[in-house]
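One chain, subunit A, appears in both complexes that follow, with subunit B as partner in the first and subunit C in the second.
== the complex of A and B ==
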């Protein structure tokens, strides 16, 4: 893997000579899709990145939001798809490590991890099961050791990921605004490499991630060491407290090549460094290998000689290595030497800025007929079908996954995993609610509306905890961008996300693009992931208990939107139909109304309707709170629909509210005034989940039996598989 | 009265423990890095949870040889209250200050979740405000939390009243459902669950009173801030 012929010409003409071998390696790493975003960068500019709470600083790898009282939160999202598909344990673990260091780079302490995992059909595919199990263990072993709680995420299985894996990791940091590292460099400053040693693991990792996965290139996968990462976190935060850091960047994709060139470019400086000064794991590494190794747990720090002594003392305390590898210059050149010999001497702006591409796009042919529905086999027994549905890997409780993650450490986790969104308490008395969501089934049918749906769903989830969305992270995962049809789906998703973000004034505070996600049988379905950060000023909504007699209120119409539904795809094995479409005005008024009634204390619990539709959402409430219910399907607001559609349509902008009888009248008045479409659709009580039509149960399940199936099916599948 | 919180490389519940001791229970707590000694005026010592040395070799095995453990040992001999939580418990066991061993959970997985403890000994400095058989809702978070002792040692533990906590149900394969033990003198206590994660109502979804009593027992033993 190296530069394309035209890129080589471009480089040669820009520097006016033939590049050296080290220069080629450096530029190939930095100009890879993974590091340079050359296919996507032109288009990403459409996303709104500014907002009243957003703090922008040069050279940050994470987004920063001002949450008042002198505190900030930082957030970032990354993926580690290619490595995880080859070596799921190490790939997933180092994915966590990378995003944590991005949070650390801003000078904030990481306080939460989220992960979004996607694999093939684990019911049939043993390799998918192996990938799933090991990716979960990799995340658990890394995050648990760091003592950073993994508090949320999502797991999804779809045949489009056969022989592949999507491992997305998001992280959140918290700190004082005054402690943020304001990246800068002064004359005489030195460049220090701190942390793990540089070895031969992860060589060419970023190029590996910028191509279709054809061979099992294990040497391109990095080796995780969470213990070193933990020491680095504590050492860096101590150095931050002593104000020893002028600028900082983590070493991720592209290793030293990217960290050095991007730091220099962001600060408009030059850096001269000597590869002999880099502490290596093996003695015979050549300069090319040192420059592109993606060995983990390393940080690049700019400081001065006076502060170096104190920094070295901190490193000695934590027994981590720290080498002065170079110094700051003001010629805007990245000068790499081995002793006195020059290996590379390139203008930093040339290295750090690959030529951006304007790739062609074309609407994919498959979309022509995708919205047509076919006649499906009628369901004779909905109760029986529902039990099967609750055990479906995409519907079943993910407790087997989050039960392996320490989600309590840090003692901030007020609302624990398993609810719509987890909530953390912050030191200024406010609360942070966060969730990530994706939906490749919807996005396959309609890349634009599907992506908007993911955005709205993530918002709904934080809204259900009483939080107002204040920032968004996007992670856009698609196949080979050189295919115009795939590039079209990327653009459509991006446009959808941009429109929604602008309408709701939710700035994009961080993101990532991952392309070339191809399996042996073709590209993955378009898989944009949206992470939402929500802020709660007073208290989050969470309740221990639902009582008999509490009312279920639904907000939002249920529409005929079955395309890409779990019901069509899992029960009927049918891919097609019209996918749910978000009406922006409706969405906004529902969101505001729900936040208003939660804020007024009229709601005991709130839950969004998403995967599996209304039937699953109602059942989830019953199973979580271990209480039965009686719901009348004819009361569901919206156009008249058949039973299938009423139960399983995945229309967005719908919320289920649990309301105490004594608050019902007041709530009714407020909802009427707000003009949202809503209805009281039933009450809680008894030991059965009952969804009735004209007083006859269509679905009738014992809560305890349903709960057992829902809780245990994923574990049974994995443990006994 | 001063409580020392020992920090090993890889400890990760030290800040949580410190927060609960100082902000919640108004105790005078101080961190001690594992390479330093403990001053003589310390009234109690807590070894917090985490992954000291990344759980290399065995959980707690390397930290048990840290310089500070010599001082912990001396304090244990003097009868000063010492509590090890999770990895702290593992370290005390590896250091030979508590009997038994901690093995991989029977599920072979890391387990994080809420469970109930039953108080079996309310004479220790950390349980003297709890009632016998009192139930404590509390979170666990460990991969190697299965307490193991052989039959003879188990008999001895029972005879000397060294079993401090049991799990209400079988959750990880621990011998006799043991979740926490003490030394023969009763001043050194180790437990796998995390009382510091359950002592505040804001983060305890069930009932924070019983876990609070673990800290209040310590206050009863050593007194409040001077």
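== the complex of A and C ==
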């Protein structure tokens, strides 16, 4: 726990004296990369954050979108990478807890959880398997206990995460616009700490998250307690209904230090508090420990003395502790006392605003030759290879993961996990579709195009449910930003995301930056994650049963874009090639066209082509709906490609539509008019997945056998190794 | 000459780290039941090994090694106590 020498000088000159030990702890927590965004903040301003639906309010931890009829949805994304890498169960669970409290802070009820998980090669690496298994259990146990459905996410394995874990959690909230907490404070208001007691768990967590993880010598782990969290949610929402909350913030990284200084800074007030008033778990905790403890399940609330009594009654009813720890002042100082003794007295703007850095950036040397392809070993039996591919951890069904999550509690989930995106029913008759996506393999080869690809893929997924993207969350995960080459990849990804967001007018409503993601063997691949919220005004596309004779229509060209593809990396163990590039104009016209034909009821099911390319996308449709197909590869639109590329290229902006014969003519007319590139490439029927070239099957698999492999291989791997 | 020992491995959260299960048993069962003389309850998991070794010291060392290597507990969160008894 320390400041850099120049930061210490900076602090000393700003306050005009030597800081006390408590002050040092507070500032070290708040000025850590994790809390201050000192490397990234200058650049994050490029993201478009405004839009007709965005409601912005000072001090919000989550993004708020107006969805009409007096309702809002809130959304936020967080990661808990460092804690999960050493204690996957508790780390992943407390990650969920933290993001849920961010949703709660705005005064909305959390209604859904998403998680994006990344680990090393679980086929070979026992440690990765242990991390994976326990992180999933942690999320399941926490979310299920709270009665909040975990409705989606993604799981990916890559050697770059060896001995490490990326655990990203996103949450969505829902509420009335009139119930949003309008963060404000008046003179004489008091500051209340509500929830679990403050202990020694997670001391120095945010600092820890900003250091590289070199060894397991820290004790910055946090213990989850979902039952207290559930009580906090209900207590806070009741207090909200009774209008007892003036301002609110959850305690996350940096504990009280960050919550107090950030609240004071956001509201332009001062806060005077007494550490003796904080309810602690042990009696011998010193002020420094109390200020930086990251004990979970705590909320900071600003209210007044009249409302306090009602708030205390609510807390009593829910049997959670609450203590008045201080009051609002107007000197813009954060004054921390222990009884009558002053431990820290700092201007809040100094604490809450670390000096922002201009880090140097330089194009990484490894990119020089990355696009060169090596000669691949020819595949003698594509059917056999395809069976192996369907069992690959990154391709196989993730049912083992989402099957452990209660994804239906709350009875909002009308389209369940396992499809392109899940869909939630909202109280105003509309529907919300959401998805998170990342693709470090593409981002490694081209950080800019890879990040745009993640963005487009998440959009495609919600579009496949009939939803129009209305908001975006970004989570930027990279290695050590002090390395100019890593910082360059961060900037490239950010610029790509910004360009796409501006072109599509999808505002960024929230996000997070997680840096210093380093494993013992080096930095992780650039891993930006994009979460998309899509709104459906009428009805989502409820997928219908596919019948024999239904047609498969593809929208979008298949191009020679194999770089970072699962096929190159899993089958040929080759990292390189040209990664897929999104053509913005094409992407937009495809999205609009697909939404149009779904809206007109012409489509039975829609599915995007992504990981594993066309071959996997077609197989997924067949396996999900348990029906065979016959597809002619020569009909696939786009430049002439060899079989491998046609089957496995991961070109973006491609959709597969399942169409009933009777609607085919109408659909054909609409697609022609919209000028998108499309083709009828085959029909469903029979018991085999057949991908043919010149009427000879290249891939020929029994659907039931393929389905069994695809469905069970991940579970088999985790349970039986 | 090998003898048989019973080795008890107690795995509990490190001191200072919260223990929601223990706290719930204390607050919602014991204190509500009226036993105000109790001030703390901690939960733990115990594994009982039966092992053939030459003496208590090597029995303890062997079990410790097994627990460490197989990640039977997570040293980040948990504290282990190993007690060895003569089997009889």
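The working rule: the second predicted complex is superposed on the first by the 718 of 721 C-alpha atoms of A that agree within 3 Å, B and C clash if a C-alpha of one lies under 4 Å from a C-alpha of the other, contacts with A are read in each partner's own complex, and residues count from 1 in each chain.
Here, contacts are C-beta pairs under 8 Å (C-beta built on N, C-alpha and C of every residue); 3 or more make two chains touch, one makes a residue touch a chain.
For clarity, every value in this text was computed on a predicted model and none was experimentally measured.
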Which superposed partner A:303 touches (first subunit B, second subunit C, both, neither): neither
Contacts of A:144 with subunit B and subunit C, given as first, second, both or neither: first
Subunit C versus subunit B, contacts on subunit A by residue: B
First (subunit B), second (subunit C), both or neither touched by A:411: first
Partner chain(s) touched by A:713 [first = subunit B, second = subunit C, both, neither]: neither
Partner chain in contact with A:318 - subunit B first, subunit C second, else both or neither: first
First, second, both or neither for A:403, with subunit B first and subunit C second: first
First (subunit B), second (subunit C), both or neither touched by A:514: neither
Contacts of A:225 with subunit B and subunit C, given as first, second, both or neither: both
Contacts of A:199 with subunit B and subunit C, given as first, second, both or neither: second
Set intersection of subunit A contacts, subunit C complex versus subunit B complex: 225, 227
Complex interface listing, subunit A residues touching subunit B: 137, 140-141, 144-147, 225-227, 230-231, 317-319, 402-414, 416, 425, 542, 544
Touching residues on subunit C, where the partner in the complex is subunit A: 13-14, 16-20, 24, 71, 74-77
Residue ranges of subunit A in contact with subunit C within the complex: 86-87, 90, 130, 196-197, 199-201, 216, 218-219, 221, 223-225, 227-228, 281-282, 295-296
Subunit B - residues contacting subunit A, complex: 9-10, 12-13, 15-16, 19-20, 33, 35, 49-51, 53-56, 109-113, 139, 141, 143, 194, 196-197, 200, 202-203, 205-206
